[in-house]
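In the two complexes that follow, subunit A is the common piece, with subunit B as its partner first and subunit C second.
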Partner chain A sequence: MPRTYEPLATTTLTSVTQNLTFSSIPATYTDLVLVLSLRASTTASDAYFRYNNDSATNYSDTVLRGNGTTVSSVRDSNALGMDIGVTAVSTDISPFQTPTIINIMNYANTTTFKTALIRTSNSTAMVSAIAGLWRSTVAINTINIIHRGTGWDIGSTATLYGILKA
Partner chain B sequence: MAYTYSKIATYNVGSGGISSVSFLNIPQTYTDLIIKASPDSTYTAGSYGDGLGLSYNNDKTTTNYNNRYFYGYDSSSGSGTQNANTVALFPDDAATMTNNVFGNIEIYIPRYTSNNIKSSSIDFASEVNSATNWVTGFYSSRWNNTAPITSITLSPTAGFVFKQYSTFHLYGVKAEV
Partner chain C sequence: MAIRSLKSGTFSRSGLVGNSVIMPGSYESIASSTLSSTTASVTFSSIPSTYSHLQIRISSRSSFAFASMFDSYLAFNGDNTYSGYKDHILYGNGASPTTVTASSYNLSYTTPGPTQTASVYNGVVIDILDYANTNKYKVAKFLGGADLNGSGNIVVGSILWPNTAAINQITLSCDGSFITGSSFALYGVN
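On to the complex of A and B.
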């Protein structure tokens, strides 16, 4: 019986890092799952993720979220990356990180644009369910998780899994 | 070679039901834990469903837990916070509920052996063919404790039981390459 859910790479930050990158992702899996436990090194949680170091406005996302009082939906079109929601920040209780789980379907195909489902659970600020899109037919071989401030804090972790259909 | 995503334990509720389900002596050899639950309860006062209690290491002090969530049902939606260890809703025996419907709950607990405060991500959905009952929700739950998680207890409202045919599965995920 083959393994169908395999860890491809994992990292625990030992220094503040702005761009957390997985590169040389093999094209031999069907889907990818990225599990993040993040904490920003500053009070800014603004972050997004990109593929293949593409920094053009080829991304969009739709965000459904609850902040503890209201539910709202927002979207970003022609964006520089896909929103990952609100992560833990430096002023939160420590050592506290927020889980983000990203499912990337059919990532290696060269025919369709690439869709992702993102869940970020932050018990101090916001709970988010997000759909993201990269308007490219290129196979995904690199993922960048980018903090738009000074970076992700020491101790933040990230693991990339590959899923095989059989 | 060991599997990366492995079942650690499973519990199928038998005749007569049970007041809680506990996973004890959880091995500390995985990176993350995932619980997949399909419960129903005998609670009768919850017209929107029963609340799933989740406690770690037998810590049932509700003020040690913080939740934030949003949900949608019928044509309404909302968001809230709790100092409680209730993390999801699922079908029960309220008069407005349809019989023989079980909930769908997934709980993802990353880095459960770390010395971090433990955060989890919970998704749930119930469809009971009623215009007034719960459909789906998203929770974030935090246990304000840095101890590694060695046991997990799931429970319905006190004084009631999970009904027969409720199922609970605990999986471990390894991140090492």
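On to the complex of A and C.
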């Protein structure tokens, strides 16, 4: 049986970083899994992720979320990036970070748009499940995880895995 | 921002520089299928009982035309009696979160068809825990769906198969058929 679920790269931030980027991703896997543990350096939790440094409005997402009181579903269309859910912020208990797992399906194919499945568990605010879409048939070779405020705090981590099918 | 190579421990500005293949050995590819023609169902058979858990990863689209995304199905060991299963689904469509349940094995509302945005295939990740244990009923949990830039669903679900038999066969199907380019991959997890 071929073994697969290979860690490709990882980072632990040593300075506040607004755009956490994995680049030069090879096209040799079937799916990608991105495991994030994030905390914003300010009270702003707004964040999204993009591919291939594409900053046009080619993204969209559908969100299902619950905050302990209310369950809701919202959508972003023709957006600048895909929602990753509500992350930990600077006023949260420390050293709490928010775990997020992003499954990027069939990322290297050049015939279909790219679908991602995102799960974020913020124990202090809300949990969410998200379907994201990049309307491009280009193979993904770069992932940008962007904080829309000052940046991700020191100690935030990100690890990228490649999954290969038989 | 420095990215650390997981193989060499060196740092660089590029995420993949210095990272050659690493084999952790706890997640193995068992079988896969990428469709070269429209196909009604995909079956993984003779699944060995040597793993702790299974994971199925799907990227698919169906030929079934409906106003919104519709269902795919997950059946174990050829049991497609439908009434033997039990599922619970929680999904969001961008407006109204909804929960449904049925005596069935539905991956509900996860699959786009010809009525939906072209070139969009869904994603579904299914985890089947303790699949070879003969002392308990079998449970699958899944996260699936697709965004269609203005419509689409995200779905969280669980399917119970009230049977203690070890799972050795899994059949995936949908309303209509899966179209060309749909892909299905089965993994064993230890």
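What we mean here is this: the second predicted complex is superposed on the first by the 164 of 166 C-alpha atoms of A that agree within 3 Å, B and C clash if a C-alpha of one lies under 4 Å from a C-alpha of the other, contacts with A are read in each partner's own complex, and residues count from 1 in each chain.
Everything below uses one rule, namely that contacts are C-beta pairs under 8 Å (C-beta built on N, C-alpha and C of every residue); 3 or more make two chains touch, one makes a residue touch a chain.
These numbers come from a predicted model, not from an experiment.
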When subunit B and subunit C are modelled together on subunit A, clash or fit: clash
First (subunit B), second (subunit C), both or neither touched by A:Gln97: first
Residue contacts with subunit A in the superposition, subunit B compared against subunit C: C
Subunit B versus subunit C as contact partner of A:Val35, first or second or both or neither: first
Subunit B versus subunit C as contact partner of A:Asn122, first or second or both or neither: first
Partner chain in contact with A:Glu6 - subunit B first, subunit C second, else both or neither: both
First, second, both or neither for A:Asn67, with subunit B first and subunit C second: first
Residues of subunit A contacting subunit B in one complex and subunit C in the other: 3-10, 64-65, 71, 119, 129
Residue ranges of subunit A in contact with subunit B within the complex: 3-10, 35, 37, 64-71, 93-99, 101, 119-129, 155, 157, 159, 161
In the complex with subunit A, residue positions of subunit B that touch it: 1, 3-5, 31-32, 66-72, 77-81, 108, 110-111, 115-117, 119-123, 138-142, 144, 146, 173-177
Contact footprint of subunit A on subunit C as seen in their complex: 1-6, 14-17, 19, 21-32, 57, 59, 90-97, 117, 119-123, 125, 143-150, 152-156, 181, 183, 185, 187-188
Complex contacts: residues of subunit A adjacent to subunit C: 1-15, 17, 19-26, 30-31, 60-65, 71-75, 77-78, 103, 105-106, 109, 111-113, 115-117, 119, 129-133, 135, 137, 160, 163-166
